[in-house]
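Consider the two complexes below, in which chain A is the common component and chain B and chain C are the respective partners.
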Partner chain A sequence: MFSQESDYTRIDKINSLLEVRDLYVNYRSYWYVYKVLNGVSLSVRKGEKVGILGESGAGKTTLLKSIINILPPSGKIVNGDILYKGKSLIKDKKYLNEIRRRSIGMIFQDPLAALNPVFTIKEHMLDILKHIYKNSNYSKSDLMSMAVELLREVMLPDIERVLNSYPFQLSGGMRQRVVIAMALASARELLLADEPTTNLDVTIQDQILRLIDKLVNERKLSLVLVSHALGLLYRMVNTLYVMYGGEIIEIGSPRDILKDPLHPYTRMLIESAPRITTPKVGEGIRGNPPDYRNPPPGCRFYPRCPFAKEICKIRKPELKKVGETHYVRCHLYE
Partner chain B sequence: MSGKAIDQDIFKEILTKERVMRREDWRRAWYRFKKSKLSLTGLAIIISILFMAIFADFVAPYPTHAGLYINFKEAYQPPSLKHLMGTDMYGRDVFSRVVFGYRYALMMVGMVLSIVVPVGTLLGMLAGYYRGRWIEHVIMRAADIFVSVPPLVLALSICSILEPNVFNAMLAITLMWWPWYTRMVYSITSSLRNEPFVWAAKALGVSDTKIMFSELLPNMLGPILTKATLDASWVILIGAAISFLGLGAQPPTPDLGTMVAEYSSYLPQYWWMSLGPALAIAILILGFNLLGDGIKDVFAGE
Partner chain C sequence: MISSKLATPILSVRDLRKYFILSQGVVKAVDGVDFDVNEGETLALVGESGSGKTTTAHVIMGFYTASGGSVKYKSEEIGYIPIEKRSLKLRKEIQIVFQDPATSLNPKKSVKDILEIAIKTHFPNSSRLERLKLMLDLINFVGLSEDLLFKKPSELGGGEKQLVALARALAPDPQLIILDEPTSALDVSAQARVLRALSKVQRERKNTYLLITHDLSVVRNLATKVAIMYLGKIYEYATTEEFFSNPLHPYTQMLLSSVPTLTEEEEKILPRKIPSSGEIPSPMNPPSGCRFYPRCPFAKEICKIKEPPPIVIKDKEDSFHIVRCWLYIDTQKIP
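Showing the complex of A and B:
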């Protein structure tokens, strides 16, 4: 079943920092196997900013979690590989831990849940820094000044109070800034951000994304950003991946994707985003995301696709190059 | 690091702020605790009993009466100022024996809980964290076996297999008690291990042991401490029951349960003899229960 074509030939092997090759991830419950990721390939070059777009349940979070191997116990990587600087993160646990500790940082969706409720921010920061620098002998005051430095970088006001507060004593925006500071501590090369603004109000969302953008630029990090904010993705990222039903269906520069979407799903997704210039609410996309227990064998979007053809039922389309940087996985363009 | 001088200032401010905020935390905890007069009563009872038990040699009016001591001239005296709880059939001051009895009771609580709480917690944490692996099944099925026998029956059967003395009674209670902690901690751990802050720790490559002890354990201290305080009274009660049935401490050890059993054959004429130790048990248990409620209030607000 895994003999389907893989599309990682696209990957620029020399400059790539992170490569996800043809990844299949299943979740297992007592009765069913949920085939969530279905041959996902992704590459992030040094300094590249990658955005992932897709509706809820498309497998975006699963993809990010598989990269640093924090899938829940029910989730299993059944096929494919994840390479970081050419070495596998799946096969070499020691390398994985080293990379998790010093190279990759992750910002989680819900900052309150991502902080341990019984520790103050100071204890969090010191613990993390102690863990990250466990082989070098920094004194406590060195770590402390690093913590202060990090919190200043995320532009938190009133650092003395924040450091001595428990997570529940901070506002949502402040918590997310703290979480970003913590992710920055370990993200020397790559920052993964999983919908970092979902639980925040609009003005704070904007601030947080701008902050992430600024920090990533300053520190020359690579970024994988999952977000629903189309406009901000357009401005922030170099490459945009569109996911549907656990597959990457379209890749391109933000301009390609947002100005000239090719895949029917991408088109409908962009059309359904509310816009101030159109008076009416968008059409939306009828139907539900695929049932992962028994996904459609061909194109996973075909049951909802208005342009579905006979072949879409049977064969999974291949990723096809349609422009300089633009790739699409759809039978309409073959 | 840039700006060492500025950092020094900030550090000082952070430390000052920390002191202020931690003091506030304690004040808040104390405020929650003292809101209920009953918790305060419980605290007062436990502190005074602890004091009596530690300084039993000085508090008891007749310290020698605790063990083997015979003075038939003073036997069967009803309660009076000289003998607060009267004297027994050998002329021993019952109050002095109760004071020493507290020492045994608290020692038993201390010994049992200091073994049961860490062991039960550790096993529960392992089983909960490695849920679905063989280690969970081994630990939890063993716990199920121990839980499936009524606790007192289990303790009694262990005691009757072994020689009846204080140490074996403690052993029996320890053996019957650990599964309750294991089960509680197991259920808390298996829900906590799916919290994003555990993923976050894993995303940094933190080891499982470290996640268990420094991320999960602090989150469970509230329930564990509350349960331990409330359990203290149960340990005393079960210990007294074992002694009462003659399988625990043997006379002339001044154990409260043993004393009740020993003196109960002189009821109802010499009622004060068994009333003293029985009342002592009741007060101790009341104290622990009220204290446990107070501790629960403190943690419930967090």
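Showing the complex of A and C:
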């Protein structure tokens, strides 16, 4: 597997906070190997807000989990590197642990799954804070004050009651706020958010997104926000990566992607989104995401692409710069 | 709330109530709901969790019996007949497509088997060949390819699974199909396929849909009329055009404001921005007066004390608009 130099010429080495370089991640089951991430590169500068747009099965969660290496036992990084402030998180386990405690926090998609049902919120918060500050001399009451402060920052009403509650006793919106508070405990520099509003009511989604936006701005955090909803990402991020089949297929500003989508997948995705402005429905995209056990050898979108050519079957296209901030990985542009 | 001027509606719900009695108290999940659906129409019941929309659909299906009020299907009262006591004919005519096809399709059975059970149940005298032909027709009709017949649900994508669930619901040739959040669990590219299939089915078969959803763009794509539910009651009820061009209730405006917009066009459709605040309270303890008043930026004294009555804003042949809100008491049109 050869590295794609074109992928990281765009990376700003000076201000770089997080750099994912040509990452390959596989999952193993007893019989099969799933070759999910196929050479993914991504960069986040200090203060940058990055969005990853993709549908289920695209590998977005795999990518996020790889950054702080919380892949399940079946998952493995088989090639590539992840640098945080220039140091490898893959090669240096001690550094990774330090970063997990003091720099990066993650918001998970399903708060019910992220919270342990047999522990109260107080127990969750103390557990995390104890781990983060294990080398410091904080007393239990110090940690409790920190917990209260975090819950206040996520605008939870009735903090006393929340602390003494079990996850099932809280509403979906409140649970998600707790999960955000837990992520904030360690997110001093970078916040990772995996579809943070998917299971919530639409009015609560809006509140949670505004909360994340407020926290990111107030704390001057960098953000990596993963979602399948362009509308959601559009207002939250400066740079958008479009993912399909374990690859980054287009990069641009939200405006670039919306006004001038280049990759056929991006175009079809935008066209298919149900609109509130018109009763007309988009075409949708026939077919399904690739079977990672036997992914197409060339471009992974080729089987579903209406513009596929012979070369698409054979060779994976390279990422090409097409505009000031706009890049696309497609043979149509080579 | 409004009596239909056309032929008798295929589904007519009046003052429907469903209460659940728990040890901690009574959950008034549905608390006085009225609507009509005419043949060939699509009514969208829109609301968030705790609104009572799913419970309403489940009472109509017979998964629960009503606690009060009436559900009339083709003028026949069905609100108190649980599904296991309903005639085969009734069960054939009212079908449902569930939200999550992964749990509504038997993962152990092939698509062919799943459809065959539905067909055999309602057409017990059919021959194998006739069943096979119907299966192929159904599969093609919803836009799936025939080689899916021998696959199991786990081998299909989300959109494909949902299309199989739709084909299954169509097998007995129903008149009324309840769609319970049919696209919520799907990716955008699959959503479009399913919505297209649903539109096509209705255009060609002229069946009636009761659409349960929280997604307003799906409402725009499919529905002829819309009812907004909150804590067990309907607060706004209008034809779709009227609804989107003139959303009145503050809760409706809050819902519309929460939809993430992409274009200036979409921004224009959304009314003065009411940022969402607060959460839906428990249906065990609904606020007195108008149930929305604790979250309403326009709440007045009367809102805390008295429930607003349904106020008719518009009542024409093909366009109507009713809202339950004290803000509009002076604009009432006497029909």
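Things worth noting here:
In this text, the second predicted complex is superposed on the first by the 328 of 334 C-alpha atoms of A that agree within 3 Å, B and C clash if a C-alpha of one lies under 4 Å from a C-alpha of the other, contacts with A are read in each partner's own complex, and residues count from 1 in each chain.
Keep in mind that, in the parts below, a residue touches a chain if its C-beta (ideal position, glycine included) is under 8 Å from a C-beta of that chain, and two chains touch if they have at least 3 such contacts.
Computed from a predicted structure; not experimentally measured.
In the model built by aligning both structures on chain A, chain B fits alongside chain C without clashing. Of the two partner chains, chain C is the only one touched by A:55; chain B is not.
With chain A used for the fit, chain A forms the apex of an angle whose arms reach the C-alpha centres of chain B and chain C; rounded to a multiple of 10, it measures 80°.
When the shared chain is aligned, chain C comes close enough to touch A:207, but chain B does not. In the overlay built on the shared chain, the residue A:145 is in contact with chain B alone; chain C does not reach it.
In the superposition on chain A, A:306 makes contact with neither chain B nor chain C.
Touch criterion met: A:171 reaches chain C, while chain B stays clear of it. Overlay on chain A (Cα): least separation between chain B and chain C is 13 Å.
Once both structures are placed on chain A, no chain A residue is touched by chain B and, in the other complex, by chain C. Only residues 65, 68-70, 72-73, 96-101, 104-106, 108-110, 113-119, 122, 127-128, 131-132, 141-142, 144-146, 148-149, 159-161, 163-165, 182, 186 of chain A touch chain B when the two sit together in their complex. Residue ranges on chain B touching chain A, taken from their complex, read 1, 4, 7, 10-11, 13-14, 16-18, 21-22, 131-132, 194-197, 199-200, 202-206, 214-215, 218-219, 221.
Of all residues in chain A, those touching chain C in their complex are 55-56, 171-174, 201-207, 209-210, 228-232, 234-235, 258, 268-269, 272-286, 288-289.
Residue ranges of chain C in contact with chain A, taken from their complex: 48-49, 156-160, 183, 187-196, 199, 214-218, 220-222, 240, 244, 254-263, 265-266, 269, 275-277, 279-280.
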